[in-house]
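Both of the next two complexes hold subunit A, though its partner changes from subunit B to subunit C.
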Partner chain A sequence: MKSVQFSVTSRLAGDAAVIYPKGYLNSLSGESLVNECGIYIGKGITKIVVNFSETGLINSIGISLLLQIIEDLRNIEGTICCTNMSKFLQDTFEMLGLIQHMQVFPGESDALKYLNAKTV
Partner chain B sequence: MPFHPLPAEDFLNRENELDYLKGLPLLKESALGGNVFLEGARGIGKTELLKQLYRSLFWESGTVPFYYSFKTANLKGTYFAKDYFTGFVRQFFSCVMKEPSIVENAAEPLQRLMPVIASVGLHWLVDCIEDFREHLNSNDIYWQIVAAISLPATVAQKSGKPVMVMLDDFDTAERLYESSLGDAHGLISLFGESMKNSLCPHVMTGSAGALESIFTDPSLVGMTERMQLGPLPEDLAVRLFKAHLANLKIACAPAGQLKFLAILNGNPLYIRNLAKAAWKMQKKELHEKDLIECYCFEVSEGETAFYWSSIFGRYVQSPAKRRGLLKLLMLSVENEGVDDGDRLVSGLYGTEERAALDALRASGVNRGWDPVLRDFIRCLYMKEVEGRRADDVREKIESNYLSEREDSRFELVIPMSSNAELVVAKAVEQIGRNMNFNADFLNHLQLALIEVCINAIEHSGSYEKKVFLKFITKPDKLEIIVENSGRPFSHDSRREIPVEESLRRGMTRGRGFKLVHAIMDDVKIERIGNRTRVILTKNIDERIVEPGTRTL
Partner chain C sequence: MSAELKKALYNISALADLGQEITSVNAFHQKIQAVLYVITGTFLANKGAILFYDKSENRLNTLTQKGFPPADLDRVNPETLMSLGKNRPCLIGDHPGLAIAGAEILAPLWVRDEFIGALILSGKLTASPYSPEELELLNVIANQIAITISNHALFMDLSDKLEENRKLYEEMRLIYHGTLQAFAAAIDAKDAHTKNHSHRVAKYSAAIARELGWSEHDIEGIYVAGYLHDVGKLAISNELLNKVTPFTPEELAEIKKHSTLSHSITSKIKFPWKNVEDMVWHHHERLDGHGYPDALTQDALSDGVRILTLADSFDAMTTQRPYRKKMDVQTALGELRKCLNSQFDNHIMLVFCRVLDKEIKGDLPAPEILPHLDRASDLSVISSMLEGIIAELSRS
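On to the complex of A and B.
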């Protein structure tokens, strides 16, 4: 598993924001992920896709910070989609009881298609 | 009940001795015997036997029991006389009134008891107290001691009831003195008159072989029989151990897995201490390996270590001399006997160390060298002479007993600094690869370890600022031990919090151990002194290894 220095990048895809967390997702990096999402939510974006393809090691605090994003989106009736999750990541989210609070898709395009359809 | 004996059902295998001692007043009255010198290894249960005898006589017979421990006594003549005298008055009156609180309430001055004593018609006892007070006022040390020691015999004559005098660690009385240590050899012989009294059977405890050396009057030796208190047989030792565990709510492996208990040599003190160690280490279930762990804690840092350490402290006080003595003892231990040790170190040590060793020998401490005492000495030697850390010492002793084959063992120490857990993750990744773990399980294993390390780093508040990890790989399982000093786990950190509640309360923490439990097969959390130890175990099966790599 990759454990490179954490960084977070993002892009806008239509009316959705796609976030790319990269590296070790712990408490500090989890906060920068939350901040990145917060910027989009602040701009009125209600659809967020988190692409985990580059995420390395994780810990429970890092994952749990996603709860904050879930809660922020819930308050504005938004949606969070998680994509490109390894089996390990999915298992872990499941163990923590997070999986039922998000939409999970194999790839980023699947999530964007779903969110597009939701608008229509 | 004074002196808090064990519950009768947990006092095993001493019925014959107890019955015999209860019959002593009759034997003494008919001049068939009457004084007993109770011998046996330390911790074998001599004091407990006296306590049981006391309880039995106090409630069930016409004999007045009197117990005095020289173990804790102040041996300066004036203090001793006052302590012995007032102790006897309280215990006698307590027995007459069948009121244990009279003994327990030692802070109440004797003077305040006198009107009550007089009110029940014991005017002769009031006279004895007055006489003793006169000896005190005239500062007559000799008569204070004589009056105190002869009081049981006097009371037996006046009351017509036999008095059973129980003198615990009696050989210590040889060191009674007037104003400075060693200034009045032979004060112990003042007990002779009391011991000859036909209404006063005496039961004394002491180290084996001490009897001849404490009495100069051969007639006293002649009228005192020896009773040897042996170890508990193996089955009863197991029964006693299980009884202690049951009281502490610890589940126990079947008897077959308690073979290691044999090392305690049926010694009730060791058995009790080992059960308590299991409780202190927060064991919920005890198997052979846990027993070994608890034992190693006991002989290095537990109550057994404290017990032996305090006995050693009596014979040698200065740290330098203590180290010298330890070197001598260690040689004896490693050479299976003091004589070999003597030969090897001849001429190398000072007279004081040798004198301390002789005193230890005379006290019977190192007679027979039981395995527990040997291990205690090894531990003390490693700590005080070699300067090793307590956990290192424990481990060394443990490795002597762990017969299980360990394929390999890796150790790692990380600082409590940010991202240090990543080093652990990297290490376990390689260890896991060596064990052919599949990538999915490897990730889970890394996560579990990261969680435990973060918990140690963030919550322990340790000044040591280090986390110690040990990976033990065996053909059928992986065991990871994570240890750190500092605060123990709080119950909150182990409580499962539902996601909904976390969302509501904005909580992002408190889920780590849920993950750890889900990933590992067994998670044990123990407390050893001020250290917390988490033991993670994963059984190896085909679900977690690469296909085709596991051979059974």
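On to the complex of A and C.
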């Protein structure tokens, strides 16, 4: 099976950044996810939503990259929300205990609502 | 599925990730960085580092790291690490020699009895301690990393040695050629009328061989033969070599000894090129069997001998000699043409004409014959003559 080249797009939704990783998060190319989040953090954004609808699989390298984002946001007292996760992703995050360091929502709009309410 | 089983499966898959990264075709730095990511992702460690022990400097260099203060890593003392167990992870705690902010666990890397470096990890994101199973897994991982780094270091060491040898060989080659040139200058200096003759014959021969498609190694061989073909003249008296009046039969016989003398001298040298002695020995042979010293005929004459013979004769004709004036290039070409089949080889002549024509037309980036020809030569006349000879010989 031909693997999809990992890529990242993003958009700003109010005072939150929504990040869309695409492909298997399993190699150094996943650093683009950390970099994308870093750009928003550098601009003062403290709320990040990662929409995993196009990333069904992750391995230890991907976990390490996600750790980096959690750590970066923790340093600025920010929030990371993960949405649209496959069962595999959700199970893996739960098993590792990562789930306690992020907010999990079924859809992107749920996460944005939560973050919006947090501001108010 | 129980949580323990899920964790065990995750760890197995992390080991598979490690194997995949270690055996990937990526550059070493990328590989080791990915390996560190696999480890930090496996243990949920925010920070991690892989250090390499530089034996010659007796210090640890950071191969890759994330999160630790670089100055703390620079201060790690290799002797402190060597005193710890081989590849066995241990808690850093308040160890006095290991003050790395945020570091919690360390595995010294060893391959057999050789200290390779260290793997250092911070505590976990979850703040839970490393379990005995995780320490066991870290031990397996440490063994794998140690072997990977050791193999890379060996490879780099071999590459350095190879490069060193290559440079040494190149230097020796230059010295060798310098010596040959000095030797050739000594030969040519014996005869006031043959200054640089050996150098030109070497150049012309190499140009023909290159046009014939010879390998660089073989071209170098004929180049050396060109330099040494008259080395036997060192044993002939200066008086005789510089004689202006015609030679007596005895004197001619003495002069003719030079190719055999050249062979005697060169046969004592173990050349890395084949047939140098043969080319030197027989550069005065002819296709019709009227040459010397052995009156060999066609089948016994190698391409190398045929090339050297033509190059030697062409240069002899186009330079001043005590007993005759030098010929212009057209006349010399005419002489060579007249002696085809009897003295010179048709095909070698064709190739010689082709290469000279290309040089005149500027088709060759580094001409080897043209720079040595009489500057007063009319190149357009020579070129049209060459075209005629090429057409004629191509038909036959």
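Note that the second predicted complex is superposed on the first by the 115 of 120 C-alpha atoms of A that agree within 3 Å, B and C clash if a C-alpha of one lies under 4 Å from a C-alpha of the other, contacts with A are read in each partner's own complex, and residues count from 1 in each chain.
Quick note on the criterion: a contact is a pair of C-beta atoms (placed from the backbone, for glycine too) under 8 Å apart; a residue touches a chain by one contact, two chains touch by 3 or more.
As the structure is a computational prediction, the values presented were derived from the model and not from experiment.
More residues of subunit A lie in contact with B than with the other chain of the pair subunit B and subunit C.
In the overlay built on the shared chain, the residue A:24 is in contact with subunit B alone; subunit C does not reach it. When the two structures are aligned on the shared chain, A:61 is found in touch with subunit B and with subunit C.
Contact with subunit B, but none with subunit C, is seen for A:88 once the two complexes are overlaid on the shared chain. Contacts of subunit A with subunit B, set against its contacts with subunit C after fitting on chain A, overlap at residues 26-28, 59-61, 63-65, 67-68, 70-71, 91-92, 95-98, 101. Chain contact summary for the complex, subunit C toward subunit A: residues 3, 6-7, 10, 13-14, 17, 21, 30, 33-34, 37-42, 44-46, 66-67, 125-126, 128.
Partner subunit B is touched in their complex by these residues of subunit A: 1, 3, 24, 26-28, 30, 57-61, 63-65, 67-68, 70-71, 74, 86-88, 91-92, 95-98, 101. Within the complex formed with subunit A, the subunit B residues making contact are 418-419, 421-422, 425-426, 429, 439-440, 442-444, 446-447, 450-451, 454, 498-499, 502-503, 506-509, 511-512, 514-515, 518.
On the subunit A side of its complex with subunit C, the touching residues are 26-28, 59-65, 67-68, 70-71, 91-92, 95-98, 100-101.
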